[in-house]
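In the two assemblies presented below, subunit A is common to both, partnered first by subunit B and then by subunit C.
Right, the complex of A and B next:
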């Protein structure tokens, strides 16, 4: 138990102090590249012996970024830009910003002017990704990223190294998928601790993180499985890392038994097919990704996907963690809600942003939701 | 045998309300203080109801707190969300109600309940004063009208003025513009009531309206808003003169259940 707690504490420290991780990598002489959500080809960056470093904003006050963004734009991007302008990313070699929503496109352009000391590398993805043209378009985008990374960092790309990185990321994906299932059997691990494990993955190399996650799972599986009377919930949304919100989930005796959070499990659903050429394989991976608000889906299957997850995990309900002003998530919500209702799965919507200092409305909503589930 | 008493206290943003039940679940007392969470209002409402019933805190078998200030009220044995309490209170008074529209001092909620009174869906407004009691307070102040008289003015209106339902700050500017252009005050008041009703009716439509519908919370006392809401939803509304106490009543009923179920 002591060792489990030590590992949980290790994940926590990394999750809450990414700046220490950044300093550590830079002091080791490593070059670091910031990776903006939702899907940045970390494998490419990793294969060039660069450290991919997650840039998903932070719970900070936005002041400087307001010069570039209107108020009605998601706080993940506002706070990411704020951190760039205020020097929190100083020392980073470049930032890769994908084009998966309109606000991300704005972030890229604003970054060029707001943070001129950290080069912006665009990653332009196709809307129609799952066909030969889509895969070729994705591959061309990756080639552009590679070209920029080579120029900016002086590092060289090779297919052989990418193949190795694809394997490292596949192993990490598998560990994270397994982790989500293993944690269900240990309800005493809180929603905050679960989030620490997922969040810390953005600030460590995947080799380090996979090792720690596997160690944790091995230790847990030696312990007796536990049942509890907690209500089992699925979370869905872009990000759900607010300490306040996660604490309220715990206070209301709810256990997260699965998630459809972009910042968490959505990252780990799809592996690279290692039998393909490495770069082709990476483009193919993106083409097969699905059930996400920023990935075009004419059939809108995400609601069914979550309903199925709820059935598989025995979840009592779904908590939709809506990032304020996130258009893709807001467009998906009514369709998902209908699917949840049709499947008889209770759901609740909690609106969040990274500048909230009062979670009382969320507390009331979650407390009422708990009453609904009882 | 000594009588048992059950107390519910609803601590809102602007008012504190208490309801006292006896062992037959009959309402034997109520109190209301126009001061909410973070003030002495909750304590005053609590002391007031005990004094009126000639009881002490020790005579109360169980107390449930609800509302925005529920967590901080240390005299309570338990706390519950105001949505669950409003549902419980309204179902007790109007067993056929399936949709509750609760507009309080600083927020609005629409609650869908089943035949047994259990919450099956709900929606809350965002962190904006539009469509809440605060909106009416601000407007009454600008118009120099007593908040309790808004209903009288609204019912005298010939042609309600168009007032934004999106934002209290914008709406305030609009009302000032309407006044300066000579618009009749009654029409402005009716426009304000329609603005509140329109905003909350859109919330209600999100949950899905199932009759019967009831309005609870402090704003339900305003007949102008009730009329406008009924018009917006195209349905008749149930209303109790005790609308403001529904959360406290639900809390008291939950207090009763805690020891009797």
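Right, the complex of A and C next:
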């Protein structure tokens, strides 16, 4: 048990102080590349012996970024830009920004002028992605990222190294998928601790993270499984890492038994097919990704996907964690809600924002939701 | 005065004027739609920047939810429609055109501007990814097929070869998909003809809009916002080409005769950035006119001028629409327009609906202001939701710009 707690503490430490991790990488002489959501080709960066470092915003005040963004852009991007302008990313070699939503397109353009000391590398993905034409375009996008990385960092790309990185990332994906299921049996691990494990993955090398996650699972599986009276929920949204919100979930005796959070499990659903050439394989991986608000889906299967997940995990309800001003998610919500209702799955919408100091509304909504589930 | 009542002569629009021809094209557009629907033809709902050459060649009848939403908003029903969507769970944060359109798809009646329900959807995201989300939802709600041509935002100055290739393949695929959906067949010959007419329309449109470079300008820049509807929905039609050619002739004549559709003394010349605030069009226009400010420059003029020689050129033109360009390219285009039209100030509409248009506009407008040495001011508004605009704020910003323009002139 102490060992489990030690591991959980280790995840927590990394999750709450990414800046320490950054300092440590830089002091070891490693080159670090910031990776902006929602999908960044981390494998490429990793394969060039660079450290991919997650840039999903932070709970900080926005001042400087207001000179670039109007108020109606999501706080993930506002705070990411703020960190760049105020020097929090100094020492980082480059930032890769994919343009999967309209606000992300703007982040790249603003970055060039707001943070001129950290080069912006754009990654342009196709939306009509699951066919040869789409895959070719994804590959062209990756080649461009490689080219920029080579120029900026002086490192060299090779297919052989990428094949190794693809494997590292596949192993990590598998560990993270398994983790989500294993945790269902150990309800005493809180929503915050679960989030620590997911969040820390962005600030550690994947090898390290996989090892720790596997260790944790091995230790847990030696312990007796537990049943509890907690209400089981699925979370969905872009990010759900607010400490206050996670605490409220815990206070209301809710256990997260699965998630469709972009910052968490959405990253780990799809593996690279290792039998393909490495770069082709990576492009092919993107072409098969789905059930996400920033990926075109004419059938809008996401609601069914979550309903299915709820059934599989025995969840009592779905908590939609809506990032304020995130239009892709806001468009998906009414369609998903209909699917949840049709499947008889209770759901609640909680709006969050990284500048939020008052969670009273969220608290009341979750309390009411819990009463409803009872 | 005697008992006699002096009657003003009633204004009769000359049916041979470009304005009335353009208005007729717009009204015919809607009546043709209803006729087609009655005849049992399939109707498409189409994104404003979807390559119209495809459906013109196939002889399909389509209409434009963006135009409809603008018309509904201009006629005062923007809020009513937005509230319907919000009642269905849509956040008031998403584009108001989408909220109006999703509401219309549901209630199927808006006396302010009705149009037939669709049998299929044509989406192109070169103006925004919001378009994709909006059309996905329409497709699911109405249970009809959707054809998407994905034209990504281009982070570089010009589209790459890979992008042109990617878009071209989708263009060809879209033709196949549409042949299957509608049963119509493609003709290369007709395609050539459509390309010719489209180029002719675009050239005439650009020529006409370019007359604002004259001092004084022969037109009130707000006229362009109305005529734009034709540039959007009838580019491939010969009537549109002819009407714009006539419009250009009229402006030419007006320049020679020193007349203008701007019914005030043109004291100042302004560049307006962004979509019009349709629900407050009159207020926004009057505020300028009352100060003798004519709007002589807008990126809109360029937005629907597609000039190209062949299929690759066509694809490149669609990759190069204003909202798909990086900051530098978008800035340079505007700087060129502002200089060409001798705009003395830049007024920016920070449009609550449009994240892409407003999301890097602060930086871009700073750069335009510096490059052209003109003052810049912005105001908060929305193209279709009337709740996001404050008349007082608008007036204050316009007043501030006027004072700088005046003092700039005084100092010269």
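Going forward, the second predicted complex is superposed on the first by the 374 of 374 C-alpha atoms of A that agree within 3 Å, B and C clash if a C-alpha of one lies under 4 Å from a C-alpha of the other, contacts with A are read in each partner's own complex, and residues count from 1 in each chain.
Basically, a contact is a pair of C-beta atoms (placed from the backbone, for glycine too) under 8 Å apart; a residue touches a chain by one contact, two chains touch by 3 or more.
Source: prediction; values computed, not measured.
Participant: Which partner does A:368 contact after superposing on A: first (subunit B), second (subunit C), both, neither?
Facilitator: first
Participant: Touch test for A:332: subunit B only (first), subunit C only (second), both, or neither?
Facilitator: After superposing on A, A:332 lies in contact with subunit C but is clear of subunit B.
Participant: For A:305, using the defined touch cut-off, is the partner it touches subunit B, subunit C, both, or neither? Pick first, second, both or neither.
Facilitator: Neither subunit B nor subunit C is touched by A:305.
Participant: After superposition on the shared chain, which partner residues are touched by A:360: those of subunit B (first), subunit C (second), both, or neither?
Facilitator: first
Participant: After superposition on the shared chain, which partner residues are touched by A:268: those of subunit B (first), subunit C (second), both, or neither?
Facilitator: A:268 contacts neither subunit B nor subunit C.
Participant: Mind telling me which of the two, subunit B or subunit C, contacts the most residues of subunit A?
Facilitator: Of subunit B and subunit C, the partner in contact with more residues of subunit A is C.
Participant: Once bound in the complex, which stretches of subunit A touch subunit B?
Facilitator: Interface residues on the subunit A side: 346, 348-349, 351, 360-361, 364-365, 367-368, 371-372.
Participant: Spell out the residues on subunit A that touch subunit C in their complex, using ranges where they run on.
Facilitator: For this pair, the touching residues of subunit A are 67-70, 72-73, 99-103, 105-110, 112-114, 122, 124-128, 133-134, 136-137, 140-141, 144, 293-294, 296-300, 322, 324-325, 327-328, 330-335, 337.
Participant: Note which residues of subunit B are touching subunit A in the complex, please.
Facilitator: Within the complex, subunit B contacts subunit A at residues 68, 80-84, 107, 118-120, 122-124, 126-127.
Participant: Inside the complex, what are the residues of subunit C that reach subunit A?
Facilitator: 88-91, 93-95, 98, 125, 128-130, 132-134, 136-137, 139-141, 146, 148-150, 152-156, 160, 162-163, 165-166, 169-170, 173, 326-327, 350, 352, 355-356, 358-364
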